[in-house]
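Next up: some structures, all given as C-alpha cells.
Same chain, two partners: subunit A is paired with subunit B first, then with subunit C.
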Partner chain A sequence: MNLTLTHLFALLPLIIVGITVVVVMLSVACRRNHFLNATLSGCGLILALLSVFWVQCSDHGSQLPTLVSPMVAVDSYSLFYIGLILVAALACIVFAYAYFDRLKVHREEFYLLLLCSTLGAMVLVSAVHMASLFIGLELMSVPLYGMAAYIFKRQQSLEAGIKYLVLSAVASSFLLFGMALLFAAYGELGFAELGLKLVSVDYLDTWTIIGVGMMVIGLAFKLSVAPFHMWTSDVYEGAPAPVSAFLATVSKVAVFAVLVRFFILAPTFSVKLHTVIAVLAVLSMLTGNLLALRSHNIKRLLGYSSIAHLGYLLTAVVVLRSGVSDGAGELSESGQLVLEATGVYLVGYVLTSLGTFGVVALATHADSANRDTSELRGLAQRRPVLAVCMAFMLLSLAGIPLTAGFIGKFYVLALTVNGELWWLAASVIVGSAIGLYYYLRTIVELFLPTDDATVTAANGRGQALGALVVVIAAALTLWIGIFPEPIITMVNSALPVGL
Partner chain B sequence: MIAQYWAVTVFVLATLALLAFMVGAASVLGGRSWGHEKNIPFESGILGAGSAHVRFSAKFYLVAMLFVIFDIEALYMFAWAVSVREVGWTGLIGAAIFIFILLAGLVFDARMGALDWVPKKSEHIADQARHESF
Partner chain C sequence: MNYLFLVTLFPLIGAVLLAIFRRMPVNLAATIGVGSIGLSALTTLALALQFFGNDQTAFVQHLWTWISVEAFEVGFDYRLDGLSLTLLGVITGVGFLIHLFASWYMREDLKDQVDYLYTRFFCYMNLFVFSMLVLVLGNNLLLMFLGWEGVGLCSYLLIGYYYRGEANAWAAFKAFIITRVGDVFLAIGMFLIWIQFGTLDIQTVIAQAPEVMAEGTLLTEVTALMLLGGAVGKSAQLPLQTWLADAMAGPTPVSALIHAATMVTAGVYLIARTHVVFELAPFTDELVGVLGLLTLLIAGFSALAQTDIKRVLAYSTMSQIGYMFLALGVHAYGAAIFHLMIHAFFKALLFLASGSVIISCHHEQNIFKMGGLRKKIPLAYACFVVGGAALSALPIVTSGFYSKDEILWLSFANGHTVLWLGGLAGAFLTSIYTFRMIFIVFHGKPASHASEHAHAPQGIAHHLPLLVLIVLSTFVGAFITPPLSNVLPETEVTASHALQISLEVLSSVVAIVGLGIAAALFLGRRRFVKGLVESDEGAKLWQFFNSAFAFDAIYDRLFVKPYLAIARLHRYDWIDKLAGIFPGLVKLGNSAMSASQNGQLRSYAATFVLGALVIVAALLVS
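== the complex of A and B ==
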C-alpha cells in the first residue's frame, strides 16, 4: 500500500505532534528555558488541534474515513477523540507550567514526555489493528512512568512511578497474551478482519472468550476498573498533580475509545463475556465510591472517583453486546445511543477532571509533600474564583443537573434502561447517591474558615493562565449542562470506520 | 496418561525415592564438621578479596542504555538497506527523517552531558587540584 499525500494529510495531527517533540528536544538542548519550552509544546498542540479541524472540514465525507495503513484509520471518530486528547494535554501543559514554575529541577523534559505520551494516545484512538493498539498503548504509558516519578526527590512520586511501571507491565503482558490467543485461533490481527471471522463462526470457543477477556483485563488495568484498581489511589496521590490530571483524562479517554472501537469492529456477542464486563462495571462503581468515602486526601479521593466514573462508562461496553449495526450496515438505535453516551460522558468527564485536578495543581505547592483535603480547606478565602470553579466541578462529578456530569449520567441511565440492564441501573443510582456524600463534604471543606495564616498568595503568569483554563473548563461544563445540543451533534457525527 | 506411561512414571518415582533416600540417610547417619574456614566461599582454593557488592558508577548504565538504544535504532537501517532500490526516493526521504530524529536525540544527549564521562562537579575538583599542584 502506497502512502500518498492524502494519507499524510489525514495523519497531519500526529505528524505535527511528532515534529513538536523533535523541536522541543532540540530547543531544550539549545537553551534551558522553562517558559520557552512550555510555550513551544503548547503551540505544537494548538497547531495539531487546528489541523484536526482542517482535516475534519476539508474533505467532508469524500475522503474520510481514511485507512492510512492497515493499522491506523483516521475517521471522524478518531478525529473527535484526538481533539479531546489534545485539549486535555494542552490544559495539562498549562497546569504543569504553573506547578513546576518554582521547582528547582530540570523541568523542560517534562514537556517532552507529555508530548510523547499524547502522541501515543492519538495513535491509540486511531488504532484498528492489534499492533497499533499495542504501540499506541506503550508509547502512551512509557513516558507516563517518567512523568509520575518526575519529582524523584519526593519519595511518594518515585513510588508512584515504580508502581505504575510494574502494574502497566502486568497489564501489557495480559493484553499481549490475549492478542496471541486470538491470533492463534483466527490468524488475524486487524480488528475488522477479526470481526469478520468472529461473525462467521456459530459457536465461540473457550479460547476466543479467554483471549478477548485477557485483552479486556489488560485494558481494564489502564482504565483502573475494579478489581484492577489497586494502583490508582497511590499513583494519583504520589504523582505531581498535572500528571494525575493527564492520567485521569488523556490515558483514560484513549484507552476507552480504543476499547469501544474494538468491540464495535470485532463484536463477540458472547453473553458470558459481557456478564463479566457488567460485573466489573458494578464492582468499580461500588468500590470506587465506597473507597472514596474513607479517603481524606483530595488526590486520592479524585482517583477513587475516577474508578467509579469508569464504572459508569463501562455500561456502554456492556450494551455493545448486541452490536451497533442493525444488520443492514446501518447504525442501530442502541448502537447510536452507545456512541452518544460514550462521547458525551467522556467530554463531561474530561472537562470536570481537568478542572478539579487543575485546581489541585494550582492551589498546592510543588514542594509540599503531604497534601490533604485540609490543604484545600479555606480555599474560598485565598482564591475565591478557584474555589467556586472547584465546587462547581465537584457538583458536575456528582451529577447534579445543569452540569455536563448530569447529561453524561443521564445518558448512562438511558443506556441501562434501553438495554434492560436493571442491575446496572440500580448500581449507577446507588453509586451516585454514595458519591454525593463525599463530593459535598469536599465542597464544605473548601468554604470552611482556615486557621492557617502562613499561606502565601500565589501569583505569576502560570497561575493566571491556569486559573483561566479552570474557568474555561467550568464554563464549558455549565454550557454543556444547560445546552448539550452542539456537543451531541458533534458526537453523533463522529462515527467509527466500518459502519 | 499415567496408565499409558506407567513404566516411565515408576522410573521417575523410583529415581526420586532413591535420591531422597541417599540424601536423607546421609544427613541422618553422617557426621558434620564445623569450622570457620568452611564458611568462606570456595573460589578454586583462592581466598576471595573484598565484597562482591561492587558499586559501579551509574554512568556505566547510562552509556550501556544509550548504546542499546542507538544500536537497535541502527538495526532499522538494515531494513532500508536491503530494499533501497525498490523504495526509491520515498524511502530515502523516510530514512533521512529517521536519521535526523536520531541525530536530534544524539545532540540532546550530548548537550545534557550524558556522554561526558566525568561529572561536572568532579571535573571542577580536578581542575582545582591541578591548579594547586602548580
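== the complex of A and C ==
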C-alpha cells in the first residue's frame, strides 16, 4: 500500500484531529489549564472542519471519492457526516467547558477522551471494510466509557460508565461474531467485495443472514434500538450532560452512517432480515415513546426519545432493501430518497439533540444528583432565551411544522408510504402522537412558575458561548424547517463511494 | 374613475388608525372618524358627477386577483353602476351625517358611560362603512360576501359596544347568531351558483342565468331560496327577524346607520342585484313579496305596543324593509331601491332625533316617561314630525309618500291585489304607531323627572345632520332619482294614469285617517286606550304585540332549548370515552415498559441476550 499526497490530503480532517489529540495531551502534561485545553481542542476541531470544506471544494470531481486504502474511503458521503460529527463534537466541547467549569475535578483529560472518540467516529463514517468499522467503533466507544464515568465521585456517573462498558462489550462480541461468519462464508471483509459476492449468489444461505443479523444486533445496541435499548436512559441520566449530548449525536450519527453504507455496498435482499429490522424499528418507536411518557427526569426523557427517533430512522434501512435494486452499489430512485431522508433526518436530529442537551448542560447543576424536569421548571424565569430555545427544540423533536424535525419526519413518512410499509407508517404516526404528549408536557414545565429558592441562575465561564451555540442550533432548526432546500441539496450531493 | 378604490380606502385607513392609536384624544378621534367618511362622501360626489357626465356607463376597477386556484378565480374588483352608486351615496352621504352626529352623541354619552373608549366606537364605525362599501361595490359574489360578513361583524361589535352590560352582550350574540344562519344560506347559495355557472362573477351570472338555469326547476328554486335566506337574515325579515329589536342595545347612531339606513337593507340590495335568478324561480319570487307583507304587518302591530322609543323605530324599520321586499316581490326593483334610499333619509333622521331626545332626557328611553317635550326640544320635535310624516307617507309634502305609493301602485298594477291590500293596511298601521309615539313623547304633560328637566342639545355636530336630513325627508328628497335604468328592468305598467291618481288618493286618505285615529287615541287623556289595555283580552293582546307575536318564545322552545338539551347530552360524550381508550392503552404500555427499566445491569444484559436469541432464532427458522 503506498500513500500518495492525494491520499494524505483526503485524510486531512482525520489527521488534524489526530494531531490535536497529541497537542492537547502534551499541553495537559505541561500545565493544567481548563480554558487553554478546551480552546486548543476547539481550535483543532474547527481546523478539521475547515479542512473538510477544503477537501470537498478542491476536489473538482477528480480526486474524490478517494479510496485511501481498502479500509477507508473519503468520499462526499463520509465528508458530509464527518462535518456533522465535527460540528456536534465542537458543540459538546462548548457545553463541556461550561459544565465542568463549576466542578472540582481534573477537567482537562476530558477533552482528550472526546477528541479520541470523535476521531473514532470519523473513521467509522469513512469505513468501507469490516476492520476499519470495528476499529472505528471501538475507538469511538472506549473513550466514551471514560467520559460517561468522568465524574467518578458521583455514583451515578460511575455506574453509567460501567453499564455502558459491559453491555458494549456484549454488543461488540455479537458484531465480531457476525463479521466472522461473513468472512467464513465469503472470505471477504471489504463491504464492496462482499457485496459483489452477495449479489452474485442467487440464494443467501442461513449463515450469511445470521452473520448480517448479528452485525445488526451489535450496531443496534449502539443505536439503542429496542430491545437493546435498556442502557440508554441509565447512561444518559448518569453521564455528565455534555457526554449525553455526545452519545446522542456523534455516536448515533457515525453508527447509522456506517450501517447505511454497509447496506448499500453489501445489500442483502433477504426478506426475513428486513422484516426483523422493521420489527426492531416498530419496537423502538413504541418502546421509546411509551417509556418517555411518564418520565420526569429530563435526561432520561431525552434518552427515551432518542430511542424512538432511532426507530423512525431505522425505517430508512428497511426501505433500502428495495432501494438497492440492481446489485451492489447501485441505487434506484427510492434508494436515493433513503439517503436523502437519512441525511436530512440526522441533521435535524443532531441539531435538536445538541440544543436540548445543551440547555440541560447549561441550566442544571453538574454536582446535583437528581436531574428532574423539576429542575428545568421555571427556566423561563431564570434563562428566558434558553427556555424559548428548549421549547422550540422540543417542538422539533415532536415534529411540529416549521422545524427541522418536521421535515425529517415528513421524509420518514414519505419513505414508508413510498415503500408501502403501512405498518411502519402507522407506528410512526402512533409514536408521534404519544411523543407529542411528553414533549408538550415538558414545554409546559419550562414555563411554570417556581418558588424553589435553591435553584439559582447558573453563572460561570462559558455560559454565554454555550447559550450562543444553543441559539444557533435553534435558529438552524427553524431555518431548515422553513427552507430545507439547501440542506437537501447538500445531502443529495453526499453519495457514498461506488455510486 | 380610477380613484374608485379611494372610497373604500379612507374608512379603512381611519379604522386602522383608530385601532392602533387607541388612546388618542377625543377631538382627534372624532376628526379621523368623521373625516374619513367625509372624504369618502366627497369622492362619491366626484364619482357621481363623472358617472352622469359619462352617460351612466358602468365602470369596473380591477384592483388585484384575490384568489386564484385552478378554475376558481376571484378578483378584487369594484363595479360602479347606477345601483352601486345609489347605495354608495346613501352609505357615504347619510353615513357621514350620522358620523357627524355620533361625534356629538358619543361625547355626551361619555359623560355617563365612562371607561368606554371613544376611539373604539369610531374604529368599528369606519370599519363598518368600509365593509358596507365592499359589499355594495364588489363585482363578485365572494367579494360581496366579504363585505357581508364584515358588516355582520361590525354590527355585532357595535351592538355590544357597552359590553359591561350583560344584556347588551346577549343582544349582540343574538344578532350575530341569527344573521349567521342567514349567512350560511347565502354561502350555500353561492356554492350552488358556482356549481351551475363555474364563476361567482355577478355580471356573468346575470348575463348567463337565462341559459344556465332552467326556469322553475328545483335547483333554481333552491338557489334563489338560499339567496333569499341570506337576505332575510340580514334584513330582519320573517322568519329571521327577531334580532333587530334587541339590536337597539347599541348606541343610537349605530341603530341609525347600521340597523336602519344601510346594513339591514343589504338584503334588498342582494335581491335587486340577483333579480334575474329570482325571476327564474317563480315560487321563491312570490315568497319574497309574501314574506315582506307578513313582516310589515307583524312589525306594524308590534310597533303599536312598544314602550321603548328605539324599539318602536326598530319595528318600523322592519316594516319599511318589508315594503321593500314587497316591491321586490312584485318586480318593482326601482321602487324598492328608491324606497331604500328615502327610508335611509327619514329613518336616519328619526333615529338621530331619538338619540337627541334620549340624551336630552338623561338616557330615558321609555316613551311613557317622556311627554310634553315639544317646547323643550323643538328641533327634535320638528325632526319627529317631518320624519314621522315621511314614515307615514303623508301626501304631497313628504318624501315617503312618493316612494311608498310607488310600491303600492306597482303592486296593484302588476296584479298583486292581496299584497296591495296588505300594504295599504300596513300604511294604516304605520300612521297610527308613528303618531302614537310622537303624541306620547312630545305632547301632554311631562311624565317623569327626566322629561321635566330635559335640556336642549347644542352644537353644529348635532344640528347640521338633523337639518340636512329634515330637508331630505320632505318632498325635496324625492327629487333625487336613482339612476337605475341601465341596471334594473323598468316596470311596465299598462293601467291608466287616472287609476294611479285615485289609488294615491286612497292611500293618502288611509294615512291621514291613521293619523286622526292616533290623535283621537293618544292626544289628551288616553282614557279609551287605557281601558282597552286594562281589560283582560286587551292586556293579552298588548302583551302579544309587545313581544312581537311571541316569536322569541317560540324560537326559544323550538331551537334554543333543544339545542341546549343536545349540548347537555353531549357533555357525557361517548365518543370522548372511546377516544380515551388510546391514552389508557398507552398508560398501560408505559407501566409495563417502566417495570423493565429497573437499573440492574444483569437484567439489562439478560434482555439483550434474550432479544438477540429471538432474532437469531427468527432468522434461522424459515
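A few comments on the model shown:
The rule we apply is simple: the second predicted complex is superposed on the first by the 489 of 499 C-alpha atoms of A that agree within 3 Å, B and C clash if a C-alpha of one lies under 4 Å from a C-alpha of the other, contacts with A are read in each partner's own complex, and residues count from 1 in each chain.
Operating definition for what follows: contacts are C-beta pairs under 8 Å (C-beta built on N, C-alpha and C of every residue); 3 or more make two chains touch, one makes a residue touch a chain.
For clarity, every value in this text was computed on a predicted model and none was experimentally measured.
Residue contacts after overlaying the shared chain place A:Val166 against subunit C, while subunit B stays out of touching range. When the two complexes are overlaid on their common chain A, residue A:Val28 makes contact with subunit B while staying clear of subunit C.
Measured by the number of subunit A residues touched, the leading partner among subunit B and subunit C is C.
Of the two partner chains placed around the shared chain by superposition, neither subunit B nor subunit C is touched by A:Met179.
When both complexes are overlaid on chain A, the residue A:Val125 reaches neither subunit B nor subunit C. Of the two partner chains placed around the shared chain by superposition, subunit B is the only one that A:Leu3 touches, whereas subunit C remains out of contact. Applying the stated touch rule to the two superposed structures, the subunit B and subunit C interfaces on subunit A have no residue in common.
Chain contact summary for the complex, subunit B toward subunit A: residues 90, 100-101, 104-105, 107-108, 110-112.
For subunit C in complex with subunit A, the touching residues are 582, 586-587, 589-590, 593-594, 596-597, 599, 601, 603-605, 607-612, 615-616, 618-620, 622.
Within the complex formed with subunit C, the subunit A residues making contact are 162-163, 166-167, 170-171, 174, 206, 209-210, 213-214, 216-217, 221, 226-228, 230-231, 233-234, 272-273, 276, 286-287, 290-291, 293-294, 433-434, 437. Taken in their complex, subunit A has these residues touching subunit B: 3, 22, 25-26, 28-30.
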